[in-house]
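Below is one structure, written out as structure tokens; the observations come after it.
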Amino acid sequence: MADAPGNRRYIIDLLPSERIAGVYAVSNAQLGRTRNDKPYLRCIVGDRSGEVTARMWTVDESLLASLPPDGFAYVEGETQKYQGDLQLIIQHIEPADPTPEQMRDLLPVAPRPIEEMFAELQAVLATLEHPAIKALAQVYLADKFLMDQFKQCPAAKSAHHAYLGGLLDHTLGLVKLAAAVAPLYPGLNRDLVVMGLFLHDLGKTRELVYDRAFGYADRGELIGHIVDGAIMLHDKSQQVMRETGQRLPANAVMVLQHIILSHHGLPEHGAARVPMTPEAILVHQLDNIDAKMYMSLAAARGPKSKKDLGGNFTERLWALDTKLFKPDPLA
Amino acid sequence: MADAPGNRRYIIDLLPSERIAGVYAVSNAQLGRTRNDKPYLRCIVGDRSGEVTARMWTVDESLLASLPPDGFAYVEGETQKYQGDLQLIIQHIEPADPTPEQMRDLLPVAPRPIEEMFAELQAVLATLEHPAIKALAQVYLADKFLMDQFKQCPAAKSAHHAYLGGLLDHTLGLVKLAAAVAPLYPGLNRDLVVMGLFLHDLGKTRELVYDRAFGYADRGELIGHIVDGAIMLHDKSQQVMRETGQRLPANAVMVLQHIILSHHGLPEHGAARVPMTPEAILVHQLDNIDAKMYMSLAAARGPKSKKDLGGNFTERLWALDTKLFKPDPLA
Amino acid sequence: MADAPGNRRYIIDLLPSERIAGVYAVSNAQLGRTRNDKPYLRCIVGDRSGEVTARMWTVDESLLASLPPDGFAYVEGETQKYQGDLQLIIQHIEPADPTPEQMRDLLPVAPRPIEEMFAELQAVLATLEHPAIKALAQVYLADKFLMDQFKQCPAAKSAHHAYLGGLLDHTLGLVKLAAAVAPLYPGLNRDLVVMGLFLHDLGKTRELVYDRAFGYADRGELIGHIVDGAIMLHDKSQQVMRETGQRLPANAVMVLQHIILSHHGLPEHGAARVPMTPEAILVHQLDNIDAKMYMSLAAARGPKSKKDLGGNFTERLWALDTKLFKPDPLA
Amino acid sequence: MADAPGNRRYIIDLLPSERIAGVYAVSNAQLGRTRNDKPYLRCIVGDRSGEVTARMWTVDESLLASLPPDGFAYVEGETQKYQGDLQLIIQHIEPADPTPEQMRDLLPVAPRPIEEMFAELQAVLATLEHPAIKALAQVYLADKFLMDQFKQCPAAKSAHHAYLGGLLDHTLGLVKLAAAVAPLYPGLNRDLVVMGLFLHDLGKTRELVYDRAFGYADRGELIGHIVDGAIMLHDKSQQVMRETGQRLPANAVMVLQHIILSHHGLPEHGAARVPMTPEAILVHQLDNIDAKMYMSLAAARGPKSKKDLGGNFTERLWALDTKLFKPDPLA
Amino acid sequence: MADAPGNRRYIIDLLPSERIAGVYAVSNAQLGRTRNDKPYLRCIVGDRSGEVTARMWTVDESLLASLPPDGFAYVEGETQKYQGDLQLIIQHIEPADPTPEQMRDLLPVAPRPIEEMFAELQAVLATLEHPAIKALAQVYLADKFLMDQFKQCPAAKSAHHAYLGGLLDHTLGLVKLAAAVAPLYPGLNRDLVVMGLFLHDLGKTRELVYDRAFGYADRGELIGHIVDGAIMLHDKSQQVMRETGQRLPANAVMVLQHIILSHHGLPEHGAARVPMTPEAILVHQLDNIDAKMYMSLAAARGPKSKKDLGGNFTERLWALDTKLFKPDPLA
Amino acid sequence: MADAPGNRRYIIDLLPSERIAGVYAVSNAQLGRTRNDKPYLRCIVGDRSGEVTARMWTVDESLLASLPPDGFAYVEGETQKYQGDLQLIIQHIEPADPTPEQMRDLLPVAPRPIEEMFAELQAVLATLEHPAIKALAQVYLADKFLMDQFKQCPAAKSAHHAYLGGLLDHTLGLVKLAAAVAPLYPGLNRDLVVMGLFLHDLGKTRELVYDRAFGYADRGELIGHIVDGAIMLHDKSQQVMRETGQRLPANAVMVLQHIILSHHGLPEHGAARVPMTPEAILVHQLDNIDAKMYMSLAAARGPKSKKDLGGNFTERLWALDTKLFKPDPLA
């Protein structure tokens, strides 16, 4: 196969009339039908560098049935220009099961090594003071299946930290932010803030799919990571008692569930509850600040995007509801 | 004691300068302090017929410590007029544990016998067709502790069906409404609608307190009946598999949880999700229609309330965001 | 002419390079002008199966003047592919007056025979109990011109029941829904609900045009069916007294007008008044439930549309403000 | 009787322990019941200068039945101080029918003579240019019953021009404003603006009651002046054709009805339609400007009210959603 | 050069395959890159009559560096049809500095001579009565640099009065409107209204760029004309005292700044303050009325636009949030 | 006088029938009039511990004229109980000018010494790196008059840090928060954040009055601290150039003004601009986080307030739009 490590041709680099052969992520695979009623395949072919729309004009339906709508496939074809954009004409396609090595070429990954980030997070969790909360953290950390998902999962489909390991990266950033901010507010319970931040987005492991092009699982649409995070804590807290005999303080689980349920702040932003404790308010605020700083710095000070209009302002950013002024007048 | 059945003096009937002695519901018990720094007790004394504010001018703090802020007590005292309203001057108060018989005098109860309504509900649930859904209903019905709560719990603190047995009454009404409406819409899954309505408000058993003056439990404020209903179903569905070996259809639990999470319709009305299936939409609409008809008929056509201004319109009803025109021009 | 019954070629079935000749609905007929300043005709050519954009490159202005912007015409031409879509190049066009038989091929019609539905509706109206309300219904039913419009009119331009006879179909469905629901709420006046539902959308006969491609009449935009329905009732109630000598009960006309004015529920949804009687609230709720069930069942459980993406969710539905999960997990 | 012209004692001037005897406006007459179950009468007694709450401790029910809840009565009694405010203890009360002369003492009236304002308005209407619009204006002006109501009716219950003749005063002010503004906008149809302003609030004659304490009629609540104004025009335009044989231009009635229906601007402010013609937009804007200038000048520059706090700002004005800075720095 | 006065070829008149040569406004000049990685220039070429998109396929980067993103250039090229629209293929382009005469061909200008309008405005300002306000007006009028900008600046980028001299035209119109309206409201300070209107939009001279294609200056985006107008008045009022020794009345500057800050009415429409004086309310209302009449008359009664669909309604106008009915039924 | 340091009787400690004599803050001084038309004085008498309503029944108007509506006065009188609350009957009152020492007893002050906080703030400003920004900070710090106001001014009338020195305290807290958070976001300009936070609320020195009972100055209502902060920077930046010859980088003043104008985040929260740079976004977020943590910790974990209902929840907090759960389950 053509995509041996080292000489893989990334989609972002493709020119017109170029041949490709290799394993790619395939999404939105659908049967189209020409006016002459001939079936054809259309889909999106992508790797960690980007995506290109693709068409396969001669398909037999049994092959089609073997392709998942979203997944991975070995693809051979040739690029061409169409209405100003590049598209890919597929000559051959078959389902494929990428090796972990290939996987790293197919989906975007975190800028830092995942195990390094995870170790850093564990170090912060080791500073939890209350023994029962510490035990609860241990029960989560000992759940190898869940932690593997936690290390892989992106933090969002596209808005911010949208890469493998993004959930861990975002969680770690928040925990460090909390470490900086919490000491300024006496009266605040640091354990609840740190534990709340560790758990606040864990339900994303059930909300998102990330073993192929990032998207929402059906359960993500119908239940959502907020309620699923609360259900996971319901299970884990029973496990703590069952396994360690340790009794979580009265109200502790409820208050942590409340932090999870309220971390989006407002019902119209997805919160099942508005934050009603100082710790819940802080978790929401820090989550908000981190997302906004990530998005604004990326847009205004990050690498110049292709959409850059060349003036002093970015385009309107949907999530910030404004455009941004890019120049740093002191730089 | 003075409140032997048959000759109990209800609060609504009290005149000024009347002595009372008996078991009452006591709520909001608080220590006040006169300007001379003398402590006194203020609280609300109630029974199923209404409430009266009360003061006890000579208290010793040990007695006070023995009283719960909300609960039941044996009370002796005398009514007097104060600023146009009646108030009760307490001479003696001590915690009390009402008998079930006394309880019926202390909190408002459903107009129909509870077991009769419950039997009617069981009869509808017996018409469920899908065997696994039927098994799930059985697991709920077999949970005696939960069903006892379900039979006692009011449907709301005050808005509608605010009486012991109100949750059951409201649920039964909805299930009957569904039975009338569902046949008009082919394509709808009747089992999901009926089961969804049975479960939609079950979390209220954890949201409300109703073993004394109705109110919200701490968990009701911080988690709410919507999320707790979904957590209960999470547990019950595992119990079905564990106990009956019966496997619920893929997605069935998720879709029922979605109905529970979305039955308030909009996030700003408390829904954790907007309804995304025809069954979830119908459950929300029927719940809405039943609450609105209950409130509007009670206000416009019900027994004349004390607040009635005597004109053709009621006062503004908060939950309907309007006043109502009372006359039925054809009556 | 080519479109003799039996061998008409429907637009949905057209292939490229196919010749057509027959009577079609023509809408949005406009004069375009090429860069060389040559006039050309563009319009939309449709029948009950769908629409296709059309161009006629050689036009003389006198012909153009004879064509209505929206109406019917005998059209000859040939299809061709243009930017992936089919378009029609017209060679000959002239105004035409379709026969009733042709009409049925040109506009979508109700799935059930109109007279059958009308008879069913009359049967329900025959169960009205109050003699004056019954007399009022008779005055409406005896207005042949209005009833003919009522039988033809769609219930909406596009959202739901958008076919000839749709208004009747929707009204009948609501009246049957009321018959199922009303008995569950003692205190409700069934006559007002049934009569209110019969009248609630009658103003649509003035709001919409449906003797050609469905759309809004100028009066529909500037006055609307809600106010026009109230004006119609103003006239009809005077007619009752004039013709039958029967006096409508004081307030009865006012309350029925109020039902018409408030049946959209909220001012921002077009209501001139919020519902202020139990009957007005129920009419609004039933209208709402029926529209939502129609739309959600059609989208999630109806025949697979061309836009179907093949996954478990529909596209976002504007009128429901959400996408829908399609699978019935128990089916 | 004591209230012969010249020596009437106005309510605003009453001191404690003063006896009164005379005809007054009585509103909100209701039966109260003391704790000893003795009935008493409470009501509000008013004249054009203000209101005072009143009690009559000894009533027999037959007398009560003879009193309307809102109306006029001959009252004898004595004032007393109660909780810092004055109240009136009634010794004798009986229904009364005030003479027109007495009426002027009982309800607030316009600052200018009504017939003088009406003549001014007729003069402007005489400048209408289009003969059919002129004929339409004549049909309205010739309706003596309606014009008598128009001359008496206040423009609002309390917000602005809340006095007998207020509707005429407000309408005249608007028509003069239009005369000043319209010439600045060529292309605008002055006849439609002037006629639209004449008609825009005429439905208030059915919305409000003003033959006793100002309030809303039932029809005002359930239908409203906006829709009733459109219905009145529906009738009047038919009368024009019937009586004068003159045919109103196609669309003219529709466009005038649209002006009436849309003059509140937004649905959430009561408009049945948003303004869709330049003339409708101007009518709405002028109505808005006149109400806002009336309210702001009265509050900031008018006679000092009793509620005046003595600082530079007024209290928050509900209708303007702000408080106002009172000083004119150049004065 | 080809664009000698008299024989300039305006963009609106261009046909396909036509050669042009002359000075044009160039905006949005950007470097594109073909798939073969060859750089090309894309920009918009415009004059007072309209705009056309342009491409230059062979560019060297030093030339590009010499072009401003928005400005003026001498352009040679040829038109061609592309996807139904005209585009311009540039063969030669170089920066150019248009003469004032050429400028008048490049940007849209007011329909009336600027000096004539300015004289009219000065005449109104001469009627100011308070000597200090008059002195303040003189200080503004004597600022030649600012007045030159005021005479050139458009009133908006595109919504209304979007032409050179538009700000003056709009300001003059408002001042005349005030002169018509103010006498109807005794108690109003005419000087504050007239001066407030003169100053309300002066900050636009810093908000907008109009020495090339109209747009927002960076300062316009980040600070805005509302705050900049208040800062200008801060400076000018100090200048009055410095230069004339005349002391502005206590509060006069504050109240005029308040008028500037509040003239958009609501925070969500850009107001830094809601209007809190009768004069501020009137300034806001008149500004609103003038913009709405300008836009609605232009759309409904103005010259037929190319987008005109030929029916009785315009397209939806974003700024009015509605479409408009065009026919004047009395015309 | 009785209020020698050490034996001052604070208002919070007063009992009924207690005599006082001393200098107090007096606010809302107004002339009341009894029904017998006798004038009396009502006002609020306060010190740093609290407030009490007061009446003086015998006043001569000349004395009254000498009292400011808000200010300080020497007061003699006696407390009494009135409707359950304490009120003060004044026997003697005269304007007074408190010594600085007395002042500290009359208004609430910061918990830490002001000069200590100011030194800490200066230390942070000394870490500014860009020389021109440093020079700008020096110009502010060298403005002794402004800095004295800055050290005295509260941060708000009542919501948070409502004490003398509160503005400094709040500003210092934010600057420290920034020091903790900024290093986590590379790409952010720390100087702009620190300088922006120093300046963001400086306009409060003109918005609030705090030399007597805290309140809004007229200028605070009509202009506000946000615009005044931008005007102050306009002046100061010119002073930098004038006095130091140092030129601020192009755009630096504009960007700092933008931070001031946008620090409330949304127009409906008072922002004149939404934040459009990463630094402006961070300033807004930190200001928000600090206010919310201050308020939530004070309410949920602070000293028990008199309004405390004794349950687990606080009352609804207007500024947080929720009530708070008080217990820390781990404490």
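Each chain gets a letter, A, B, C, D, E and F, in the order it is written, and its residues are counted from 1.
The working rule: a residue touches a chain if its C-beta (ideal position, glycine included) is under 8 Å from a C-beta of that chain, and two chains touch if they have at least 3 such contacts.
Source: prediction; values computed, not measured.
Common neighbours of chain D and chain E, listed by label, are C, F. Under the contact definition stated at the top, the chains bordering both chain B and chain E are A, C, D, F. Of all chains, the one whose mean C-alpha position sits at the greatest distance from that of chain A is D.
Interface chain C/chain D: over half of the residue numbers present appear on both copies, so the contact uses mostly the same residues. Same interface as A-F, judged by over half of the contact pairs sharing residue numbers, among the pairs C-D, A-C or D-E: D-E.
Centre-to-centre spacing of chain C and chain E amounts to 45 Å, using the average Cα coordinate of each chain.
In whole angstrom, the spacing between the mean C-alpha positions of chain A and chain B is 42. For chain C, residues that reach two or more other chains under the stated contact definition are 218, 221-222, 251, 254-255, 258, 276, 313, 323, 325. Taken as a graph of touching chains, this assembly fits none of the simple shapes: it is neither a line, a ring, a star nor a complete graph.
Interchain contacts (touch definition given at top) occur between A-B, A-C, A-E, A-F, B-C, B-D, B-F, C-D, C-E, D-E, D-F, E-F.
Partner chain F is touched in their complex by these residues of chain A: 130, 133, 173, 176-177, 180-181, 184-185, 187-189, 191-192, 249-252, 254-255, 258, 274-278, 281-282, 285-286, 288-289, 292-293, 296-297, 300-302, 313, 320-325, 327-331.
Across the interface of their complex, chain B is touched by residues 15-16, 81, 86, 309-313, 323, 325 of chain F.
By the touch rule above, chain C contacts chain D in their complex via residues 218-219, 221-224, 226-227, 230-231, 234, 251, 254-255, 257-258, 261, 267-268, 270-273, 276. Chain B contributes residues 28, 30, 35-37, 69, 218, 221-222 to its touches with chain F in the complex.
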